[in-house]
Amino acid sequence: MGSFAGHALPGGFFLFVGLWWSIKSSLWHLTRRNKSIGSTRLPSRAVQRRLEIIESSVIVFFSVVGIIAEQFAANGPKLQLFDYTENHWKDMMNWQHSTMYLFFGLAAAVSLIVHTTAAAPLPLDRLMLGLAFFNEGFLFFYHLHGRTTLDVTVHQLLLYAIFGQALVAFLEVFHRGNAILELIRSALTILQGSWFWQIGFIMYPPNGPQWDLNDHSSVMFVTVCFSWHLMFALLFTGLVYSAVGCVVRARLRRTPPMEMGLLSNQEREIWSQRMKSYEKYMPGFILMFSYHSLLDSVTKEKCIGNNSREMKGTF
Amino acid sequence: MGSFAGHALPGGFFLFVGLWWSIKSSLWHLTRRNKSIGSTRLPSRAVQRRLEIIESSVIVFFSVVGIIAEQFAANGPKLQLFDYTENHWKDMMNWQHSTMYLFFGLAAAVSLIVHTTAAAPLPLDRLMLGLAFFNEGFLFFYHLHGRTTLDVTVHQLLLYAIFGQALVAFLEVFHRGNAILELIRSALTILQGSWFWQIGFIMYPPNGPQWDLNDHSSVMFVTVCFSWHLMFALLFTGLVYSAVGCVVRARLRRTPPMEMGLLSNQEREIWSQRMKSYEKYMPGFILMFSYHSLLDSVTKEKCIGNNSREMKGTF
Amino acid sequence: MGSFAGHALPGGFFLFVGLWWSIKSSLWHLTRRNKSIGSTRLPSRAVQRRLEIIESSVIVFFSVVGIIAEQFAANGPKLQLFDYTENHWKDMMNWQHSTMYLFFGLAAAVSLIVHTTAAAPLPLDRLMLGLAFFNEGFLFFYHLHGRTTLDVTVHQLLLYAIFGQALVAFLEVFHRGNAILELIRSALTILQGSWFWQIGFIMYPPNGPQWDLNDHSSVMFVTVCFSWHLMFALLFTGLVYSAVGCVVRARLRRTPPMEMGLLSNQEREIWSQRMKSYEKYMPGFILMFSYHSLLDSVTKEKCIGNNSREMKGTF
Amino acid sequence: MGSFAGHALPGGFFLFVGLWWSIKSSLWHLTRRNKSIGSTRLPSRAVQRRLEIIESSVIVFFSVVGIIAEQFAANGPKLQLFDYTENHWKDMMNWQHSTMYLFFGLAAAVSLIVHTTAAAPLPLDRLMLGLAFFNEGFLFFYHLHGRTTLDVTVHQLLLYAIFGQALVAFLEVFHRGNAILELIRSALTILQGSWFWQIGFIMYPPNGPQWDLNDHSSVMFVTVCFSWHLMFALLFTGLVYSAVGCVVRARLRRTPPMEMGLLSNQEREIWSQRMKSYEKYMPGFILMFSYHSLLDSVTKEKCIGNNSREMKGTF
């Protein structure tokens, strides 16, 4: 994939997935915490399942697209493994990437089965996700043979993020629904995405001069830079969490708790209608959420301060 | 063991054990889940114990056969350790393999003691199994000295499967009866078996040209190939699980739940009779199961769809 | 930071923090254990929260000071990253140290948010602390390139302490409030602090002759010396624990248990007043505690013997 | 310590401790399981505590003796660290060994405090034991610089046993009283002891020819041999467990359960008297137990078979 676009594409994908996971985790965790106050105006278990199914379908779709692109693009191997004329294995890079996509596709397919039927035990989706990340790290690990110092270093740093994701996903098999683990996984996914972009900028600078790939001060800068990416990912996830928190609490405040019992059936219907309309416009859904949270945090800056007092009892 | 047969033999054995474990785990897990519907038509705890005893006896038998074969075959050391004429240790390969078999034999013997008497704590069988796998990996690890790059790589990849099995078995000491862990152990056993075959085909191709053992593209292909074996093992285990699920549910549907209370004693007898006949023909048992599941999945293709609705309540 | 002061400064800071954490952990654990006897004369949950807030504020303050000092001191990079005249990265050492401080500052800021508002889940403070230690170890690890054997060894030994702290902090995410883990974390922090001083004395001896940096017996001495530091840290933490234990029990003995019910409200007020005065004089607080415990252990040497009998029932 | 005796001495000590731990663990575990049948004739909690105190005292005593011997024997450093005449560190080997003994002594001293007073939390003894083993492994690890291949290999294999013990002891901090973990720790201690003897025989053969320290077949034999030691340690621990089991059940069978209620007070007194006499003659105690179990297993060979049926209910 030795090109800027080849690193920016997966980077963008992981950034997007990380953002989506951080929104989803925050949303489920915060609505679960607020259930005692007014669960009827919050997304129900059925909505949660439907979102999981949509998410898995999207990932399956993109994996298939990715595999086809890797195989049949200009220089792809076109499903041929061995080059009999030159007597060696052909386009191993593309096959490696196809295999990575295949594992992510399999993980999403299993998640689809888990959430549509009752045929498989629930923690299987996290196990397969962990395996997909482990496999990605495993292939990257045997990918680094015979490169320059800086190239090896930036890809080794990527392995921290990838194996971290695998580890957290495996822990989730045993501690499912733990908010901390889910948010850490989101943050590490964002880290992987942003570091892919950074690798692209370091190895194939789109404009500006080439880096000196053997300068020791470059290696030192790169490790420091990775720390900054980690910090950015953590802060960003925290920001998303608090933004979603503001939206959820704002929604709860709008209807006074007294009328809740009376309106519950009707309300639930309205909410589920609204959720369905969200689902129709998946990309718009995320934008809308970001917009809402932005709006909320600007106009009601002190909502954390006000609500946190009210919330304390539910801890 | 430097031969194709020397890798195909243990490979075949592990493939068989992996298949058997995946059937067993699926069967216990699915009958436990369906207990509330009609436990009388499903294998009882006594049957489970009897199967464990048979399994352990078979493994003890094969370990003894393996040790004898390693020691007394054409080029074996015939229980002699040191060659005083040439002043060095004799046939260390054979002694290593004998030691591996010895550990698996010991693990099976302990399992036999655990399941026939009450003299030992229950999780001891998994601990010994974990130790047997750990010992196998440990001996392989000190086995790789001074070989070609490709040879070292394929055996290193084998270590991922072996140490994975050891880790999962150790986890089972603390999380006994976890369906996910048992299925993962089965999948890793199948992976080990199929990778043994792959090593045989790579290092000692039975027909066709030799591989170029120092070509870097070969090393890259081998890592990708290992990923495919892992995926195959996972998919195969999943297939076995769902096939067993179809058989179990088909069996439950045949008798209407109303008559269950009336027939229970008689039914139980019939079932236990049938299980005993299964035990008599162990190899046939597995074939029959595979056949049943194949038949079921062909003739009642939608059994997952139909039953999954009914099953949801038991979750 | 290649100087004695550059190692003595963080060393002193970690020694101080380790001492403070060991006092705090001992205090909370011992008051929790003695709650059944007379909880009213012991610090309440509100006091605990207030101390956490003060601690976090102090750490945030020192991190900001540290970052400013690293950036704007005599040879600092003054927020410039790249030296365009010499075409390489500038003062990477200072940037590394700034990043370490930044992570500790972030961890303390998150702890501040966790303990002042209800916006974030509670275990987040330990997770961020673990990440800050992990990041410190990570940057030190990529810091060791191209130095003498002894220099690499002493910094590798430091990594044992740092990664140990990170591991314990991550374990605390799942086992919060475990006294053993908190005390081990304190002991490892003291170890890190004292070992920083030792590194200063080895690499930059302030007076006396230089060490022979390539003598093998020096490397052997250094590993033995690290063991002694570990033992010192453990013993010191144990001493602090037993001293705090003496103070807590002496305080409980002063008022007879009969009057406890009558005095509880007034007592609580007095205690909380006293705690507030402690908080005003943070550094004095620690000195006072040390003094109290010293006084107690000298004048009532047998307090452990006497009290331990009384305590047994509460186990 | 480069001599046969220098390896046989610690080896013998660890063999003895491993034997004692396996007896102790088996005894507590089996009496706890049989409590429902007739707890009055079995050692009580007070006896358990007293034995722990005796054990810790013995270990403290031997550590002090070991340190004094290392320091003041013929070639010891006599508490001098630095040789100013030759300007290098003096007798680092002896200092390393003294430090190892010091850590074991500290662990035993902490165990003494934990079991005599209520001043320290209970799991602290296992934590300190784990640290003592970790420290032993840590010092051995930095001990291997610049030796022959075979010498490095045999000491690396020792590290498996030592770090295994440390890991199990750390796990016991969280899973205290787990029979499996305690027996594994005993087995690894026996392994460490027997491997120390093996190292002595390999590196300094007391009679017979020297080994060829650079022959590759020697390295292969040594790894296989380590597996056999592990198997021997496991089998031996299993044997001790079943022997103790026979003794405990034989003792329970002697008095018919009916009279138990009537005799309980008197019986308890007799038993505690007997236990006290055991304690007086510590070494004799172990011999007696071994003798009893031998006698029992010879004269009543089928005691496992007979009793296991009766025991099943208590599982």
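Note that the chains take the letters A, B, C and D in the order they are written out, and that residue 1 is the start of every chain.
Basically, a residue touches a chain if its C-beta (ideal position, glycine included) is under 8 Å from a C-beta of that chain, and two chains touch if they have at least 3 such contacts.
By chain, UniProt protein names: A, B, C, D = Transmembrane protein 45a.
Quick caveat, the model's predicted, so the values are computed rather than measured.
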Chains in contact with subunit B and also with subunit D, listed by label, are none
The assertion on subunit A/subunit C checks that the Cα superposition rotation, as a multiple of 5 degrees, is 90
Per the C-alpha means, the centres of subunit C and subunit D lie apart by a whole-Å value of 35
Rounded to the nearest Å, the gap between Cα centres of subunit A and subunit D is 49
Subunit A touches at least 2 other chains through residues none
Contact graph of the chains (line, ring, star, complete, other): ring
So the complete set of touching chain pairs is A-B, A-C, B-D, C-D
Per the touch rule above, subunit D residues touching subunit B in the complex are 29, 160, 175, 179-180, 184, 212, 215-221, 223-224, 227-228, 230-231, 234-235, 238, 241-242, 245, 304-305, 308, 311-312, 315
Listed in rising order, subunit D residues that touch subunit C in their complex are 81, 87-89, 92, 95-96, 99, 102-103, 106, 110, 117-124, 127-128, 131, 135, 138-139, 142-143, 145-146, 173-174
